[in-house]
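Chain lettering (A, B, C, D and E) follows the sequence in which the chains are written, and residue indices restart at 1 in each chain.
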Amino acid sequence: MIYAFYIFAFIAVAAAAGIVFARRLFHAALFLLVSFLGVAGIYAVSFAEWVAVTQILVYAGGVVVIIIFGIMLTARIPGRPTAVSNSKWFAGTLLALAAMGFLITLFLSESFGTATAPPVEEGFTLVNRFGIVLMTDYLLPFEVAGLLLLITLVGAAVLAATRNNNPTS
Amino acid sequence: MPDHILTYLIFLPVLAAFLALFVPRDRAMWFKVLNLATCALQVILVIMAVSRYGRETGELRLEERMEWFSLNLGTWGNLKAEYFLGVDGLSLPLIALSAFVMLIAAISSWTIVKSVKGYFILMLILNAAIIGSFAALDLLLFYLFFEFMLLPMFFLIGIWGGSRREYASIKFFLYTLCGSILILVAFIGLYISGSAPGDVATHTFNIMHLRDAGNYLPGSVLDPSGGWVIGGWPARNWAFLLLFVGFTIKLPMVPFHTWLPDAHVEAPTPVSVILAALLLKIGGYGLMRIAYPLFPDAALSLSWLVGLFGVVSIIYGALTAMASKDLKRLIAYSSVSHMGFVLLGMASATQEGVTGAVYQMVSHGVITTMLFLIAGVLYDRTSDRMIGNYSGLARIMPIYFAVVLIAFFASLGLPGFSGFIAEIMVFLGAFRSEVIHLSLAIIATLGLALGAAYYLWTLQRMFFGPLHVRGAATAEQLVDLGLREKTMFLPLAAITLILGIFPQLLLRYVDTFAVGFVALLTGGS
Amino acid sequence: MSPDADIAYLIVAASMIVLSAPLVSGILSALVPVRYSWLVSLTASFMLLIAVVGAVLLAWTAGLEQTRHFSTEWFTLGGSTVSAGILIDKYAVVMVLVVTIVSFLVHMYSAGYMAGDTSMRRYFVMLGFFTFTMLGIVLSDNLLILFMCWELVGFSSYMLIGHWMELPSAAKASRKAYIMNRVGDLGFIAGLMIVYRNTGTFDITMLAGHALQGWETAAALCFFLAITAKSAQFPLLTWLPDAMAGPTPVSALIHAATMVAAGVFLLARIHFLFPPPALQVVAAVGLATALTGAAAALGHFDIKRILAYSTVSQLGLMITALGMGAKDAAMLHLFTHAFFKAGLFLAAGAIIHTLHQAQMSTGETYDVQDIRNLGGLQRLMPVTFGVFLLCGASLSGLPMFSGFQSKEAILSSILHGHNTWGVMVAALFILAAFLTVVYTFRLIWFVFINNTSRPQWTTVPEVPFVMRFPMIVLALASLWWIVSPNPLSFSGWFMTGNAGALSTLTSMAVVLGALVFAYLFFRKKAAVPKVADILTSTFYLDTVFAVLVIRPVGHLSYLFSRIDRKYIDGILHGAAYAQVTLAHIVAWFDKVIIDGLVNLVARLAAWTGALVRTFQSGNIHMYIFWAGIGLVLLTLFIVA
Amino acid sequence: MIPIEHYLILSAMLFSIGLMVVVVKRNAIAVLLGLELMLNAANINLVAFNLAHPERLDGQMFAVFVIIVAACEAAVGLAIILRAYRLFHTAVPDDISTLKES
Amino acid sequence: MNIEGGLPEKLEWIRDSLEFFGPELILFTGIIIVLCAGIIVPSVRTGRSHGVPLILALVTTLLACALSLADWNAQGEATDLFGGMVINDRFSSWLKIVCDLAGALTLLLSLPSSQERKHVSEYAALVLGVVLGAHFLSMSVGMVMIFLSLELISISSYVLAGYSFRQAGAEGSLKYFLFGTASSAIMLYGLSLLYGLTGSGIIASREFAEGLMEHQSLLLLVAGLLALAGFLFKMAALPMHLWAPDVYEAAPMPVVALFSVVPKLAGLAVLTRFVLAVTAYGQTAFDWKAIVGLIAILTITAGNVAALRQVNAKRMMAWSSIAHSGFLLIGVGALTEQSVQFMMFYAAVYFVANYVVFGYLQYFESRGLQTIPDFAGTGRSDPAAHTLLLTGLISLTGIPPTAGFTAKLLIFTGLYDAYRTTNDPFLLWILVPGLLNTVISLFYYLRIPYYAFIRDGQSTPVKYLTWTNFLGLVLVLILLGLFFRPDGLMGWINKITFVL
């Protein structure tokens, strides 16, 4: 199980790195998918099954698919390479390394509690508990999330629906 | 209208401006007449005020006082601002001067043609602001009027000005706004550490309350007994310095004076008249009304600085005037030189000096009005003010020459004119003062010789010698003064002459003020 | 009421008449419409006549014995009040008489001299105004008012010197005069301030009581600076010769008789303020002036300039006398000098006037003021000649003339002390007197006797009566009787005392010797053939004189005039140039540095703005990048 | 159990990589990928910390909501990118910079 | 732990909490109604009666405002709802009122230009969405709520930014989206770290504070800064301000007005709560006030100096709004009760003045004046509008006789007072440049009047009695009134007792 964690972690990071070095956008999206799955695995091994499932459903099933649609739509125009070119290597790596080094040193300097499995009463699974909390303590965020989805729907609809007869105007 | 005479003085122009809003913009004459009528009415009101004031008193008269607003600052008391007007021996002459000069400016504005409506509305607002800032006795009220002068002035210079008007207006605005910000800082400090007599919780803007040291919260920033020390210097000194710089920018004092020549040169004649005759006075007035009485200790300990800058302004202004080729610029620099006397007199902290300073403010107000009108007369004729372009004008414009003679010699302090009395009193004060060094006074006397030098040189170049006119102008344009111009000059000349021969007319009011002022200073130390 | 009281009323009334009449005359002249400007001369002269009457009344009522003081409150300063009033003593009375009479005569003379001048009204306005202010100096009891009038006479002299504005020389001269006087006035102000600082009052009568602890010499020298400027003493004397650019009657009134004497008068009035060291300075300056003036007078050829220099040297003599403490003698000389010098100027004016007329008729141009162009006028203008002769005699101090008496008075009171300083001064004084005689003789010789007569001068007329009358009056007034009945003694109505026979004889001898020498010398110089042979007999004498005296004197005079022209003026001009350049430097500083700072601030703000805006590349990646960098930097800043 | 620091290091790596992607990639969609990575990193943190404080499920809850929000953002973001693409015929923001300091 | 045990009372407080949600429910239903109106009423779709959704939304915002006002008066002290996820106190109510009014004014401004705009009902819904998000954000103390409501605002804003369906609009919304998502990811990371350090998802809770006490480490600082980044992004303050100019330039004018007020104030609210939380009752090792002060002064300076040279009026106003968020942050930097109250006053005044300016900018934009040089000489022909605009700009500068002066005076007074109490020289260092910035700001604020009045240019006279002038006059009168009698409003604000 411990090894599983590291394996998944390796997969996630490697896939993420793959995104950086991917030549074609489509491959990058696939790398993202892999990375997501790896992360989901990590959730699974750390007592967050529900999150893992959501991750797989929403991310792998939703987001990545949307993204791939997007790639298709933007790639479909003839005469344009779908290859994604990189720029500002220096700035990017600089920022990334700075952030990583900074964070990791800080993390190592700090002591967090030890990881323990969340307690579960008999007759309940973690998911039951999850559901109850979601419907009581997190009722308001739940509703707001619904509202957010509505707004997103409206916004996406507006953006998608407008056909611009005269682009420059 | 028993006691609201000051309110009427201030709000009459506002009312007039409001009326002017509804006059169609093409009725130029209506605006001129409206403005003129307003100013005339104000002069009458001022005369009434003077008669009400009586002569024997030293303290405030014609007070009007009501609460403006009071903000609750939570745990930390509340902030009280008042609508508090009143005049004493300092502000009464200045208010009278303002009304009078405004009248003259109204006459001189007759030649304005460009978008008359806006011009006169701005003039009326400016009028109200000036008189208000002379009458206000509440710091916030004063600051309101003080700031209220900026924008009308900015537009008056910027819209109706000369060729480089944009630069001039921006520069004017920059300087004065910086000054007012500095003043604002000091005001915040004042009302934070001051309180109304009786209840500590009320933070007041009332100048009269902030005068006496008893009303400061113990241990507050500007507490006279044991205030704070910032950067190894008492906070009160800093505050005084802020006020000093803020007001001397307005005065103007070297080295904060460079807005003045540009603003003057570019502004139209009536505006530069108001600028020189009244706005500069607000700097001196602010020092005498706020900076000195509220910080007597700091003022005394820094008076060497004030005196030094005064003397520097006197000499520097005179020298620069000598070098300037534009008549109006020369006059502007002469103002710098003359306002230096105000500083010197103030710094001397003696009866004579303070009296002289106030006297100088009034007399400079009248004389500089003449000077700028003179420059305006020439500019109206030929739109060319270069001294070098004229010679021998005395032959073809004798009345103008007479007026110029009077104005110039009055300005260089010839006895018999008000300027002489003022300057001699300043010197008396400077020589017998204990707080500033004698050498300052002695150096300052050189200013007189320099003044004579540049005025006489100008006379010799422009009016003596054989007649010829260079540049764009032609001799045919140079007709002598008309009736309107004579009516402008006559009262001005008469007033400087009268004030020069019978100083008691003005001293009656100033003297009592100066007594109180000196007592406050020396008592405060 | 007591007789003393109504005497007082009379005195005040008289002095009011004296003061107001000239002012009224000035105002009247201003009010007269342009078309009737000829009226001006009548009204002005009439008002001045009234003034003379008032002056006589004043002298009669007040007398010379006691000093009277009337004052009223002028304005109040805090507790103290500044008073204004009149102080009448012997000197005041004398000065009032001199001023009114000479002024009246000059007014009258001007009626003829200025006839047809376009700006005659301004002229008479200023003349009246001048007289008024001059009387103000004389009568005021109070240093402040005295100073005011002091400056005002400067103003009117400025206006009158520059009366002919078209002439650049006049404009320059007037400005120079005013500014030099202004420089002196600084001294006056400083003195005033010192006095006020230490005594708290301006009242002359009260000043006598107070002591200026430690400040006496300073105050005295400050006042003396003012006196130096006003009375054209060394080194501030060069404005006076230039002031001759003004109309001649003005020179007579202002620059000979009255205004320049104001310094002497002031010195006499506040003599008590002068401690001994200051007085020695005064005497030294006076002597220097007297010699310089006399020598310069020898070197010049412009008639008015010569007279001006002689005025300078005479004033120097008065100042010397005051420096030696001889107040009465100095005032006496002032009194006599006023008349004969005014007479000389008026006569010179007559000549100039006439010859100008002649030039207009014949249309030829030569400098009528250059004595080398003149000569042989005694036949053509006998009256003028006579006046010139009498006044000249009085100037050079011949016996039987007032000048002799006053100079003798001075000499005797100088020698009174019997100390070496006195003797030294006396010697130089005598030298000056000697030179005076020489240049006076030279002047008269060149102008009238020495015959380079031009043919067309047969037509030259004598001046009209209105001009002749004042000249004659002044000529008579330069005779002995106005001082005392005894032609050889100065002790009369004004001052008493008698000179030692020694001094009388010396002065007589000096004067006569000088006369003889001058005659011999100029006779030869004038190269009149029929006297040449008489000269040959005294040839060696001539050469000896020439070698021993004339050349040195000539060189000296040349040198002195050079010094006047070049160095002293040069210094002044240099100062002026320096001032102007300094002014330009200051202006530059103004434009560059101070504005520069302001613009610098503005530019700084603009620059920062540009810096901030460079992040706005419009490139979203860079936005995010910069945001991240910003956060990191912020963290580092806070941690550090 | 796995020490929490390891989760954190993992999340730090993902976060930095995401940041790098955001800065480096020129294509907007690629940038979107990077953003998603960053969100994931945050999620890993949340879940991990929930292990440290197990008595309540705040972390996991938070993570779920983050996922939802991420989906929303992806949707709207893609819509926006497609609009821009339609108007500019490119999905590369660097080529779309008409708005900048004049 | 026992799950059913807690259940009944949880349901209890959920029911209680709902009655405090009047405004939000109103807004929510408003969104639905507006959308339905857009779908059902055919004339709206065809664009003939385009005004209808806007009017509906306007009514909704006004109702919400009225309700917020009602429970302002109702509740004296703070009550935490939904298990402490959100807090309803006068602080939040005040901001809600302001945001509702801002939304109403925005819809009002969009009325005249609505006919050339497509999807009006969605537009109204999105505006309401922003307002609703501001409502939530101003109340929320739970991290989840903070994140969600922030995203609610963001997503609505992304779409609104592109609502002028042009290239610029698309680019603006793209940039806004990318930048916003990045910053929210950063914030999320920070929040997650904070959660990890304290073990509590609610910043107002006691264990959050205790958790902070335990970990006073550098990591806490970093986490706090990362979280702060998100709020600063909403406020458009340094260093997260870079999106603002481009987006403002791209978005339609009413939307810009909305952006310049509503998200700013909401972000300000949550930032204030956050700073108060992380200072942990003043026992923290890090001087968060100083940090905020530093950010404030940097923001003010950057905004002002960058605005100096702008040519496009909108862009200039964008920088000015950046500067103003700095001024607002000063109130947080001082962080005394008065200073927060003064901040609220400032917010109200800033809101009014800003709407005056943007209203007129839209008015002039409709007359084809885009860049500042375009304004040359228009003041002569249209003095009324320009005078009102000038008053608004002066109020933004902070010169008498406008409420802007009073607001600045109060803000600086608060700072000065904080300096007096906590003798912290840093506050003085904020004070001085803050004041100097006022001078700088004058320059660009006066540029439009300067061009309009002083520069010469050709222009055609227009009539005074316009709808815009009326609106502007009302707002300007409010500004003047707030200068001459601030005590009414201030006394009202004084009722805000600010606690977590």
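Assume a contact is a pair of C-beta atoms (placed from the backbone, for glycine too) under 8 Å apart; a residue touches a chain by one contact, two chains touch by 3 or more.
Remember, predicted model here, so these are calculated numbers, not experimental data.
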Co-neighbours of subunit E and subunit B - touch as defined: C
More contacts between chains, A-D or D-E: A-D
Chain centre separation (subunit C, subunit D; CA means) in Å: 99
Interchain centroid distance [CA atoms averaged], subunit C/subunit E, Å: 82
Subunit A and subunit C, separation of their C-alpha mean positions in angstrom: 105
Between subunit A and subunit B, centroid-to-centroid distance (C-alpha), Å: 71
Sites on subunit A at which at least two other chains make contact: 87-88, 91-92, 95, 99, 102-103, 107, 112-113, 119, 129, 137-138, 141, 145, 148, 152, 155, 159, 162, 164, 167
Residues within subunit B bordering two or more other chains: 174
Set of subunit E residues in contact with two or more other chains: 1, 144, 148, 151, 155, 158-159, 162, 166-167, 174-175, 178, 182, 186, 196, 199, 218, 222, 245-246
Contacting chain pairs - touch in the sense defined above: A-C, A-D, A-E, B-C, B-E, C-D, C-E, D-E
Touching residues on subunit A, where the partner in the complex is subunit E: 102-103, 106-107, 109-110, 112-113, 119, 121, 124, 129, 132, 136-141, 144-145, 147-148, 150-152, 154-155, 157-159, 161-162, 164, 167-169
Complex interface listing, subunit D residues touching subunit E: 4, 11, 15, 18, 22, 28, 31-32, 35, 38-39, 41-43, 45-46, 48-49, 52-53, 55, 58-59, 61-62, 65-66, 69, 72-73, 76-77, 80-81, 83-84, 86-88, 93, 96-102
Residues of subunit B that touch subunit E when the two form their complex: 68-76, 79, 115, 118, 143-144, 147-148, 150-151, 154-155, 158-159, 165-166, 169-170, 173-174, 177-178, 181, 184-185, 188-189, 192, 220-221
Complex interface listing, subunit C residues touching subunit A: 621-622, 625, 628-629, 632, 635
Subunit A residues within the subunit C interface of the complex: 87-88, 91-92, 95, 98-99, 102
